[in-house]
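Note that subunit A is present in both complexes that follow, paired respectively with subunit B and with subunit C.
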Partner chain A sequence: MSSQQPDRLTDTLDSREVPEDVKGLSQGALVRKRFLGHTGAIVSLVLLALVVILAITSVGVGFHGWWKYNWRQTPDIVNGGHPTLKLFPPSLGDHPFGQDTVGRDYFAMTMRGAQISLLVTVMVGVISGFVGVVIGALSGFFRGWLESVLMRFTDIVIIIPLLLLGGVVAYNSKANVFVLGGLLGLTAWTGMARLVRGDFLSLREREFVDAARLAGASNGRIIFKHILPNAIGVITVNTTLLMSSAILLETSLSYLGMGVRPPDTSLGRLISDNQAAFSTRPWLFWWPGLFIVIICLCINFVGDGLRDAFDPRQKKLVLKRVKEPDHDPLLEATQASALPGMPLSEIVAPPTAAGGSTTTIDLDEGGR
Partner chain B sequence: MASYLLRRLGVSLLILLGASFLVYMLVSVSGDPLMEYRASNKPNKEQLMQARIALLHLNIPAPARYFIWLSGAVKCVVPGKCDLGKAISGQPVTAALASAIPSTLQLVTAAILLAIIIGIAIGIVTALRQYSGFDYTVTFVTFLFFSLPSFWVAVLLKEFGAIRFNTFLGHPTIGLTALLVIALLSGVVWALIIGGTWKRRGVTFVIAAAAAAAVTEYLSVSKWFLYPGLGVVLIVVFGVAIAVGVTVLLAGLQHRRALYASLITVALGVIAMYALRPVLNQASFWTIVLLGLAAIAAGLVVGWLLGGYDRGQSMKAAALTSFLVAALVLLDRFMISWPQYVNLANGRPIGTIGAATPNLQGDFWITGLDKFSHLVLPTTALLLISLASYTRYSRASMLEVMGQDYVRTARAKGLSERVVVTRHAFRNALIPLATVVAFDIGQLLGGAVITENVFSIKGMGQLFIQGLQRQDPNPVMGTFLVVAISAVSFNLIADLAYSALDPRVRVTA
Partner chain C sequence: MTTTPLGAPVLQVRDLGVDFAVNKKWVPAAVGLNFDVAAGEVLAIVGESGSGKSVTSMAILDLLPKNARITGSVRLKGEELRGASASRLRHIRGNDIAMIFQEPMTALNPVYTIGFQIVETLRLHSALSPDQAKQRALELLEMVELPDPAKAYRSYPHQLSGGQRQRAMIAQSLACDPALLIADEPTTALDVTVQAEILDLMRNLRDSLNSAVILITHDMGVVADLADRIAVMRRGVVVEMGTSQDIFGNPRHAYTQELLAAVPHLGGAEIDITAALVQATGAESLVHDVTAEALKQRELENARRAEITQRKEREEAMAASRETPILELVDVAIEYPKQGRMPAFRAVEGAHLVVRPGEVVGLVGESGSGKTTIGRAAVGLLPIAAGKLTVAGVDMSKHDRRAMGQLRRKVGMVFQDPASSLNPRLPIGESIGEPMFLAGVAKGAALQRKIEDLLDQVELPRNYRNRFPHELSGGQKQRVGIARALSLSPELLVADEPTSALDVSVQAHVLDLLQQLQAELKFACLFVTHDLAVVDLLAHRIAVMERGHIVEQGTRDAILRSPQEAYTQRLIAAVPLPNPEKQRERRELRALLLEEHARTAS
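For the complex of A and B:
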């Protein structure tokens, strides 16, 4: 990260022409700048925000939304429940996503499902993010017996099948969406704990931690003020990944009839309820699936943008490809041979030293 | 090393014990095996309940019951003594597992292998062409696959890959609209993959679209989907392409002898295709294995004879080409049996339920096709989803390696880009992947729950989920045990493989 700083600095200097006071950009500012430069991530973030706003305001949570139906009303079935959404000319119609077999408005149901799925996703992200960070940080910082105990515990939790928790929720009738989200959150933290531990293990050996300790900082201060801010990249990126897998997990569980239970609904539940109707009412299958994919895709792209923003090392590599014909033919030939898209006729045979004798190092060198 | 291994094994055992206890407790609160009787009005309700209580030891509290289960499970160390309890149907869990494990293995093996090979190949190419149009396209597509719920994919595949495709086979002609869509799509895809200037993209688009249209029209007119076949012309064309491709990858085209050796094996393969017709007609599984080995051996011999000063490379290139050409010939032979199989399957060949057609009579080719047509969709579903993560991992790993000093050194030495990529970068990029692959295999053995559920394949996932749904604890514990053992041991293998592959990592005893 530090290797990028000089470039960024000169960039900002150039753009301002006359620097009034030369300030280095803080870590946060650098990350924000890089994240904002990642088009895919920004587009996804906006799209995700739109989906969330749409899901919450349209049918409302506790209050009445702006959409005329809610997910419980059963208006008369119009036109066999076909979706009335039209793109040319754009119009919503009465039931843009159609109606299900008893006439409920499918737009309202999908929005309600999206609310629940998003709720579970956020719960899993927050809870397992928190537990994972605490366990990873404790074991990485204090090491010793605490580390062994916590890591063995992590190993145990890793092999507990998440579907089983769905079974527990499905059986206990009092268990609602919050119990499901909580249980999944309490078991999905293992990957996060391992990564945070790894980060803490390397950070605690760094000079700035020694310096802080010499200056008399307590363990708590070192953890919160010195190490945690440096591990924030790993934590944020992994939380997004956790959330994207959480929404898939929730929908899969609901699909198997083990996640969200009626009267609640979720995107997975909607697909599960309506899969038999695929040949007669395919829209009942398409809309919830579309929303799952949109939400998950957006979260993944945001996570990718965050990763690039926090860890710009990957960005640095640009494979030098020589395109101008007046360059060294040898260099061109060697590159052409490695790039499958190029026509083979361009290849000029390089001297044997390059292609022949040195390549006799055998496969077993790496495959040992 | 030995002490490290022993210690790791001991710890793994403790982990298994802890996890199995926890899971046993969770299972005991996830269902009541007596539920179905509590609400029933059967006259012998009491007796049935008593029988089930005796069968599952339900009169003992769950923590103590765990030790009964454990004492049976411990006996699994001795072959044949295994006792994992009984399902509520009275069937021993070990018997259920014995039939479930092979079908899961059958399902996931091809998916894992293909996902690893294709995923790594795509990942490497995207890393080598970072920030090209191809890279962006693949990144988007992998993210899309990554975001698809597996049940959604499986249901869609079932609808379009099986039901509609089977209907399509009744009239295998492709309409004009479909033809245009296919042509446009392939034009766009190839233009994105090949990239370059806009002019070049335009030319690529036109050529690819025209080629796709021509191929589609040919397939449609010749009713290829009903009467498929490669024929000798296509085998030769593909064979030569394979020979050139393999030589480029393994030896470089300037190594003429390797190229000639590969081309000769292609010719041998075509001759063998005709010479071995009668043998192939009577083939069994082991004949095919033997012929495959013979193909590799023939390639090695040709490579050795033609190899010149650098025999190893020629032998490798020729053997790989020979093997792939043999695979082409095999594919062609399978295609010859396809019309017969379609006939046997009443014109609806692609299966959606189970792993084989019950009571199917036929030779090796027919049963092989039957297996293929039943497994192709679930395998695709699994493949699409695991492909995404392998592509991302191998891309990241390759990018990391390509930025290392030793790659720059290799370039500075004047090595060709091919050697730098295949020798110096590729192998090192594989090291971190070993861990991911091992971990994934451990997970996938029990993880195909949804796919097995949608396609009604009686594997481990199905056993697990049905046990949960029927509130039947012992099958759940049995599958958990198998999955947990495989996960723990693959984890161990991953660690050992890592230290074996990367000498900088040493296991600490």
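For the complex of A and C:
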């Protein structure tokens, strides 16, 4: 358009040409970039990955890991079972985390416990995430009787006392970590369903859904192509929160003796087995506790980073690092040439009525 | 009106600059601003979105976000505000400087009554007993001309109409007799008729209070007869500043001239709206700039032409009745189904409307009149409750799947809010291509070519295909919306207030584009709007809606030259004119119309 009427001054935002070769960043790329800039989340992600790798490779899953013991062997008790880990000079020793009362290597047990706890976490995340999203999306999009039925069903699931149910199932079935993970996953989705439904309720009223409907899009296409990508922020964030709460839930079930059964073990189980030893052999308490804290905190930090990345208004800013513009602003502004910046309305847009979690008041990405 | 009161200015702004930190760089938003505002004076700051006008007002109040840097000096009654303590600023805000926001629904707290919120402001800033505060609040509500102050005092924001809410907002901001009142786009979210009322109110208040007023707007028409002085801002710089007379009578900067030209001029050059209105009201005495005889002459001329157009209309109607219309509504009623305890609401009743091929019909009315409802029903987004609706040969009276499928290729719709009508997660090329992809018109490379053609048609660069909506300005987004609506070469295009979310200058460009495309592609168009001036350029015929009924319809000339219904006359009179003198006449005519209306109603 600017080619037709080159000296038009109004509608400057329209005529402000952008360099040809600059390709727009997709929403996903924006989120990725913002997430990578969140130091806490990245550190947590790396730490979490290290814990997973350590837990899997040290004692192995089905194969033999690089650690000399596994969680079932009972070697002789050395040095009263005290941890042999030394920080200075750094050395692991024979039993870095010590030994329990019967002499099992506590490092192997803790690693096995971390494996089980992580497995439960992932199962809960996947199952409850899936069920919650499906139920929330269906009830939020179709409304009517389907919504009533699904939401009342959700209400019923909410009132199930999880500890009691866990106890009943654990006593009546052969103890199996998959049963436990599945059970937790099938009861923990209620909050997710509510949140997704809420997001769908507001998104389905947006005009782009009408536009898609007018273009002849089927309900499935509208849900998966148009609405779900816009609700992805809520879903990802809530899933991470669910996962970290699943670790605690598994811990409390195991602590009450309803979760994982010996000889297998989990972090919660380790703590409950050794609660009496707290005054005499405190390391039996500290090591699994430390790993619970690390895993939960890491997942929570990652969730935090994701939430910030999906919400462009949350922007931390270090004013000291901001540089002066290279050109004279007054001269620049009075000339008709393009400003280095973005439309002002996007920098300081007033809160508009229709703003989902994906509104793009973006402090980071506007300038090109 | 132009005499500027003498005395020390209430507000003195010197070398005010605002920068924003973007991508670790300072980007200027306002540069080197200098202005004074005296008591009783109205300074209008006019510019497009992004010109830095709101930023300026926020900088005065020190309400900018953390990534902003303010330089320069702001003095209120001689006191320097830059660098003042937070508690001092808090005291000044609301007490010495008050602000009227754009959107009264979001600026008022929905869970408290209007009365509570005004009393809160009063008691925060002065030592009043609850009874005294209530008394004062009622006085304020009466001052802003709310019809029933006692009732408004007890009401919650959602119980008031948009105009009433804005009045309540104004009452709240006036609570502490502010020395400076900042009105940030006070009428942009309102209908044209309500806008005229709020402007009247602000004018009356300016006369009765002695506050300095800063009025911020993108619409030159709004400030015509309210502002004493006008500052035109572009990209953070004041390009022109002068008295209202100077700016309107003799605009020097090209940008000012363009802004003035962008204000839609109802009736164009050839239709004499004033004469038409004078004829309708019989109030010759109100028009000052011409002699009574000349006015009589103009009225007669207007009447004669109206006669001609009416005759022509009848002939055309005879000829056109043989042609099959694209859109035909016969006695149509549209309902919103009951929800919970809310009974079903009949938004449209007994509507007759015909749109013929290649014709643009403007559907005009205030918010809540049912005009958008008709637009949505015409594209099959809403079922009709009674009557007969035929769209492009498809009978839509029964809202079934097959009819919808047939209809989709024949209709397109441009939505009101470009920010909401594009999926934020889809590149705009995909948004434009979706209807074609789903209809199976084209795939792969052929689809890409069609998308490029459409982008060319709406005058957007082709490489915008890969951009996301948040990277585009409002006007660009609306062009994308138009491209999408036209992608299947529809026979009927429904445009639902496509420009109401845009600046006046952008609106002018988008309307230009629509007009060009319509002339080129010859589609029929139902153009829904609340502003008569917007459809004036495009529409061949105009239908006026009031409370779910179509009260008047006819050719554009007939409607504008001899509006029969009082409601239509009021709509016409409410359109602002970018000319202080003419606008005053228009306002007085409008007041007369309203008076008459009140008399017949009672």
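The rule is simple: the second predicted complex is superposed on the first by the 291 of 368 C-alpha atoms of A that agree within 3 Å, B and C clash if a C-alpha of one lies under 4 Å from a C-alpha of the other, contacts with A are read in each partner's own complex, and residues count from 1 in each chain.
Note that contacts are C-beta pairs under 8 Å (C-beta built on N, C-alpha and C of every residue); 3 or more make two chains touch, one makes a residue touch a chain.
Being a predicted model, the structure only gives us computed values, none of them experimental.
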Touching partner for A:161 - first (subunit B), second (subunit C), both, neither: first
Which of subunit B and subunit C A:271 touches, first, second, both or neither: first
Subunit B versus subunit C as contact partner of A:55, first or second or both or neither: neither
Subunit B versus subunit C as contact partner of A:231, first or second or both or neither: neither
Subunit B versus subunit C as contact partner of A:196, first or second or both or neither: neither
Subunit B versus subunit C as contact partner of A:206, first or second or both or neither: second
First, second, both or neither for A:242, with subunit B first and subunit C second: neither
Set intersection of subunit A contacts, subunit C complex versus subunit B complex: 317, 319, 330, 333-334, 339-341, 344, 347, 350, 352-354, 358-360, 362-363, 366
Residue ranges of subunit C touching subunit A (in the complex, touch as defined): 17, 19-29, 31-32, 48-52, 54-55, 58, 64-69, 102-103, 105-106, 234-237, 239, 254-255, 258-259, 262, 376, 379-381, 405, 408, 411-413, 415-417, 419-427, 431, 434-435, 438-439, 459-461, 463, 466-471, 473-476, 481, 484, 503, 505-506, 508-509
Subunit C partner contacts - residues on subunit A that touch it in the complex: 1, 4, 7-14, 16-18, 20, 23-27, 206-208, 210-217, 221, 225-226, 229-230, 315, 317, 319, 321-325, 329-330, 332-334, 339-348, 350-354, 358-360, 362-364, 366-367
Of subunit B, residues touching subunit A in the complex: 11, 14-15, 18-19, 22-23, 26-27, 29-32, 125, 128-131, 143-144, 146-152, 155, 159, 193-195, 244, 248, 251-255, 310, 312-313, 316, 396, 399-400, 402-403, 413-421, 423, 427-428, 430, 446, 449-450, 453, 464-465, 468-469, 471, 476, 480, 483-484, 487-488, 500-501
Parts of subunit A lying in touch with subunit B, wherever the complex brings them together: 152, 155-161, 163-168, 170-172, 244, 248, 251-252, 255-258, 268, 271-272, 275, 278-279, 285, 289, 292-293, 296-297, 300-301, 304, 313-314, 316-319, 330, 333-335, 337-341, 344, 347, 349-350, 352-363, 365-366, 368
